[in-house]
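First chain A sits with chain B, and in the next complex the same chain sits with chain C.
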Partner chain A sequence: MPKSFFIDTSRCIACRGCQIACKEWHELPANQTRQQGSHQNPPDLNPNNYKVLRFSEYLDGDTVRWLFFPDQCRHCQDPPCISVGGSLVDGAMIHDSQTGAVVYTEKTSKISEKDFENILSACPYNIPRRNPKTGRISKCDMCFDRVSHGLVPVCVKTCPTGAMNFGERKEILDMANARLAEVKKTFPKAMLADADSVSVVYLLTDDPQKYYKFSVAQNDSGMDRKMFFAQLFRPVRKSASSVLRG
Partner chain B sequence: MTNHWVDLKNADAFLIMGSNAAEHHPISFKWVMQAKEKGAVVIHVDPKFSRTSARSSFHVPLRSGTDIAFLGGMIKYIVEKEKYFKDYVVEYTNASFIVNKDFSFNDGLFSGFDSQARKYDTKTWSFEMDETGVPKKDKTLQDPHCVFQLMKNHYSRYTPEKVSAITGVSPENLLKVYDAYSATGVGTKAGTVMYALGWTQHTVGVQNIRAACMVQLLLGNIGIPGGGVNALRGEPNVQGSTDHALLYNSIPGYLGTPVADWQTIADYNKANTPVSKDPKSANWWQNKPKYLASLLKGWYGEKATADNDFCYGLLPKVENGVDYSYMYLFDRMLQGKMRGGFIFGLNPMNSLANSNKARAAMDKLDWVVVSELHHSETTDNWRRPGVDSKKIKTEYFLLPSAHRIEKEGTVTNSGRWTLWHHKAIEPMGQAKPFGFMLVGLMNILRNKYLKQGGALPEALTHQDWPKTYVPEDWTKRINGFFLTDAKFGGKEYKKGQLVPTFGALAADGSTSSLCWVYTGSFTEEEGNKTKRRDAKQTPMQEKIGLFPNWAWCWPVNRRIIYNRASVDPTGKPWNPDKALIAWQDGKWVGDVPDGPWPPMADKDGKYPFIMQSMGFGALFGPGRVDGPFPEHYEPVETPVTSHPFSAQLSSPMYKSVSSELDKLAKPGDPAYPIVLTTYSLTEHWCGGGETRNVPNLLEAEPGLYVEMSQELAKEKGIQNGDGVIVENVRGRVEAIAMVTVRIRPFTVQGKTVHLIGMPFCYGWTTHKCGDATNRLTPSVADPNTTIYELKACLVNVQKAEKLTEIV
Partner chain C sequence: MQPVAATENSIHQAIHTTAEEALSARPVMASLIRPFVNLFLQKASCITRLDFDTWTEDLKGAHDRLLSGIPILMTLSLEPWRKPLETACEWMLPAIREAFPAIGGDIEAVTAAYRNDNLPLSRLAEEYLDGSFTHYESSAQSIGVSADTLAFVMNTVLSTVLEAFAPRIWAGMEDVRWSKGNCPICGCLPSVSYLAKPSGDAGEFLKDSGGKKFLHCALCGHNWRINRHICPVCDNTDAELRFFLSVPDYPGERVDICRKCGFYLPCADLRERSAMPHLDTAAVCMVHLDILARQQGFKPLSYLTWNRIENGIEFPQDISS
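Right after this comes the complex of A and B.
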């Protein structure tokens, strides 16, 4: 059964429990960061942060708007990254048929930097990051290990306010739509970001661009040539567990 | 908290003020959000728009240090618009009491002020008594000397125009808050107040909270689900450590510290045990002698007998009128009047006001023992930047302490729930729990006194002290034992068995307890109740999220205190949809009621406010040193030179010290026109001594910043991300500018006042993350508690040419 996240930004308090828990679960080392005039740190996704809380603020007339966006891979229903890179190295980039998780393995280190750039440019959400030292490409893996043992992803587990939710796709979409109807009463612009095409459904209360450039898909209007050709040679979906567990 | 975390979900309105709950108590927002989704209004009043504000219904910016003006305006609004819950106010508060005819208030000062001594003679802050010794009342609330009329008159000065002029809050915003919040004064709605250090860390800290209590009493919001005055306590176990008397002014269970005047237990009990002649007043503190005797038996065991005053004479007595809190402690240290000391789990070189003074004061000590997880600004004070460590005489001893996940024991959460936590892993290296260190240290000292003698060796050698540290043995000692065979509640107990409840504690030495409020937490019948994790509840309890079988809560597992105020005098809940207790078929159901007596209207009934000697919620509160009604006074360092309510600019009684390092800016000082407020942040804990050593947390918040408005940044030529210098008469601090729309200039008395905010968690032992913000804050304090005024002082800010403390 495919799984999905529902990320309700109207409930997010930006405590960054998810950002830190993700690092802890994946045992990712800390980056050396600097205070540069923002709470958003690290400033962007990187090989050591699969999840980053993005902060955005502006004055709406006399009202302060402070928007929180826990950014992570959307685990697309039809992942362009897999279309572009899925056949490059066997077992490196997997779209799991059971959960819908898009998982990158250690074998991504065999993918060239140039191919990585194509993979990144195919991503409508600017997610994958490459470790220049090891060549490994990484991002949110839907806590595939946890989920395959019946646990929820660690970011969901740690969220205190119900901003992060996870479950069967149908139930999650029902939850998202019900919540949207409620939130629209207060925030008429509220919307679900690309709900049909992703497994990570964000509820946004404001104009998506006020949150972050890539809060909604940025290059879904047209595929470039590389993506088109890549799609022709698209591999058959595999069960990730068979690959990951060897 | 009068209430508890889960109970927040029952509120119809939230006044979050003096707190940034979402950032500092994130779990609270689980329940706040649930209430909000059911339609509750969430109001955040705070100088800065924070993550709390982002999730609130609306945010109202307030100049730091003007909360009483704001709340005084609310009291005026509630009284004049008759928004108060009349039945509750008349029956359960002291609104109807007739005050001493000689009580007065004149131009910022209450009657009895001695300006030389900066002290009040409080004898006129009293009530008129009838011939039986019971307070005279006028339940019509019309008598000009009744509390209600005095209160109405007192706050008549707090007009929206005046409040607006001094707080910087627009009149529209004032009325928006007053209107939304006072809508709860109807008996079937609940409003809760959530506060934290944003209220306590002012020279009027206690009165800030008193003002909130008055609002809550007027609206009938105390003792009910979704109500209360909720001090948010957290991970530092402030609740537990306060219960067990971490502070100098009390001994466990909120009993006063013995002073030199009270040389015998009889003196102590006479001075500390309140008397009520009103048969309907429970006057719970009349039981104090039982708790003191049981405490002394817990401390001195069989050595404590009725003949020797239960060893009361062995307790150290503090000098009358001498203040032993940090501010004075470090002042005496700087004067060379102290030789050494122990510091456990605290980083005072970063957390105390006026760090430059605190750091210099520590240099005067011969020796310091610090027990910590990591090196901190305190453990390494001798090698801090700018000092020649060869010239520091202090010898430092470091005791590596176990982390909380490396030890077992209890913590008490903000809602007074005592929860056992298990050891997850063994301590690293030679690290040990504090309990191990203290038990061992005491045994070494006892042995020395036993072998070598000394002055008053019995103070130590008479103690009933264990050979080794076993946490759960202490949980039992805290609960207390029967020391003779006894019968209680129709049941026989043997000598040495656990006491079932504090009702069984006695003044004759037949029981022990190391903290009476915890008696009942560990019983013969149910074992260690702090380990209970049972979510079972009755349908009535389920409606309001009450979990009586989950852990244990003091007192006597009562989840919401003063719960007799949630029902009318006949025992019917004011709000049947969210009933907390109810009198049904001759007994109480729901929460554990505040005492077993029938409802108040019954001939054996009692008033609900059982810890008040007279039994009533105190709108007029004569127990505080600085006045029975909260009055607006400016912070000691204030950007204004006058305010609209009186000629008394700052608190007439604030505490201060006067070393050469304790300089203060004058009111309205043109050299330092900007208000600085200081705070914590989500990612670091308190002074940061622990969390700056957690790489993932340091990654998320790596260095000291100063949040400032775009307007101020423009005025000063500062760009976002620039290095800046924040300075005042006491210190100079480097920080990175965070220019934000979330802080905006205030208009105060027609002039622009800028406010900036800085966290206090960064220190020099973490590489180039910045150093103590508290180098800027003043050693001035609340006259009741001696808590520093860390939330408002004066500074100036400029762009830095270069930075040395921060990268």
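Right after this comes the complex of A and C.
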């Protein structure tokens, strides 16, 4: 059955436990960074960070508002990245029907830089990153190895406040809607971001643009002319599950 | 955390998922796990069709006895359960015969006796619950089967009815804090324990991280909470005398052992799991841990159909223990 995340930003305290747990589980190396004058570090997603805690602040009258946004792949229900790049290299980009996970394998290193640019531009959330040394494209994989063994993603396991939640899609949507009703009492602008089209549902308490440009989808059509032809001529792919599970 | 009331489909899904996960890790156990999976599937279908309203026993007295430490069904007659027991027979006898063809002849004999009204279901069920087994040898002899087989049949039939009725029986008893090693409803011992998932209840700042320990009744399937630092058999709290064994790479499965009393109980650690497994199936799937504990000289808290590893276990003590 398809799975989903519910990320309740109203409970997030920006501890970055999820970000660190993700790096540890995937054994990703550290990044050399510089102080940017922000709590946000590293400053963006990169091949060594599948998840980054985005931090923004603004002045609301006399009150400073802090907004925390644990950014990661949304594992779209109908992933535009797969529509564009799914047929480029067999087994490189996979949409697992059982969990809903969109997974990039090491075969993505065979995808050209130009094709990667198309994949990135197709993503409504600006997520995939390419390692210039290896050519591998990477992003959150929903901890596919853990989830396929019945475990929750490591970011969810680590979260101490209940901001990160994971489970069957229906249960998660019920949880998200119940929480939204509660949070709206305090934050009337609260909303669920793109809940119908993604597997990672964010509860935002404020205007989405105040969190981050890509907190909600930025190209609604999801398919430009180039993508349409890529979709039209793609060969029949192997079952995603058979590729992922060998 | 008590699992929420489940539908037939969701129970079937949980059974399949639990079994498939175990079989992908230990495919060699397929011949052991598959028959029980089929039995549990049939049981799940049956329990959603049993009509509890045929039983009108007043449980007010049972509530007071429960507060005194007496399980609810210990002092009640099961004669009003005759109809549900018969329904369970109709569903489960063919399933047992199909799952365990080696005892197919015995099951056919039991089925014939049941059809001819020669099987005193209610009395056998009561004797199973109170552990006396007074008429098992004679009833088994009269229909030409072993007492062990008859006990297995009654275990399956009675557990089907109890599992259907347990949530309704427990309703109204939630205020009772029960921390014993045996079930507050039927008095039987657990087949498996589990460390619960996070409940999802979050306080103002931090969420519950799970880990509360529950015991799962081997007969009625009721789950009740018990302190993690106490042996459910002997109440031993000495951490030096309690330990657990597990298999590398599978930290979610372990067997808790008490050196003081020498008993063990498999435990499913659900803290990191995304879904609640089917606990009876999980217990079958952890039989390798039974073997591990037995090899070190420890005894199971409950002798179950799937964990009778040694020869020479005598009836009826092994079933009623």
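Here is the rule we go by: the second predicted complex is superposed on the first by the 234 of 246 C-alpha atoms of A that agree within 3 Å, B and C clash if a C-alpha of one lies under 4 Å from a C-alpha of the other, contacts with A are read in each partner's own complex, and residues count from 1 in each chain.
One rule holds for everything that comes next: a contact is a pair of C-beta atoms (placed from the backbone, for glycine too) under 8 Å apart; a residue touches a chain by one contact, two chains touch by 3 or more.
Small disclaimer: the values here were computed from a predicted structure and weren't measured.
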Contacts of A:Thr33 with chain B and chain C, given as first, second, both or neither: first
Which superposed partner A:Arg11 touches (first chain B, second chain C, both, neither): both
Touching partner for A:Lys3 - first (chain B), second (chain C), both, neither: second
Touched partner set for A:Met175, first chain B, second chain C, both or neither: second
Contacts of A:Asn41 with chain B and chain C, given as first, second, both or neither: first
Contacts of A:His149 with chain B and chain C, given as first, second, both or neither: second
Partner chain in contact with A:Lys157 - chain B first, chain C second, else both or neither: second
Contacts of A:Gly167 with chain B and chain C, given as first, second, both or neither: second
Residue contacts with chain A in the superposition, chain B compared against chain C: B
Common ground on chain A, meaning residues reached by chain C in one complex and by chain B in the other: 11, 13, 160-162
Residues of chain B defined as touching chain A within the complex: 22-23, 26-27, 29-30, 33, 37, 49, 51-55, 59, 682-683, 695-705, 720-722, 736-742, 806-807
In the complex with chain B, residue positions of chain A that touch it: 11, 13-17, 19-20, 23-24, 29-39, 41-42, 57-59, 64, 66, 68, 160-162, 182
Chain C contact footprint on chain A (complex, rising order): 1, 3, 11, 13, 146-147, 149-152, 157, 159-162, 165-168, 175
Partner chain A, residues of chain C touching it in the complex: 13, 17, 21, 200, 202, 205-207, 209, 252, 272-275, 277
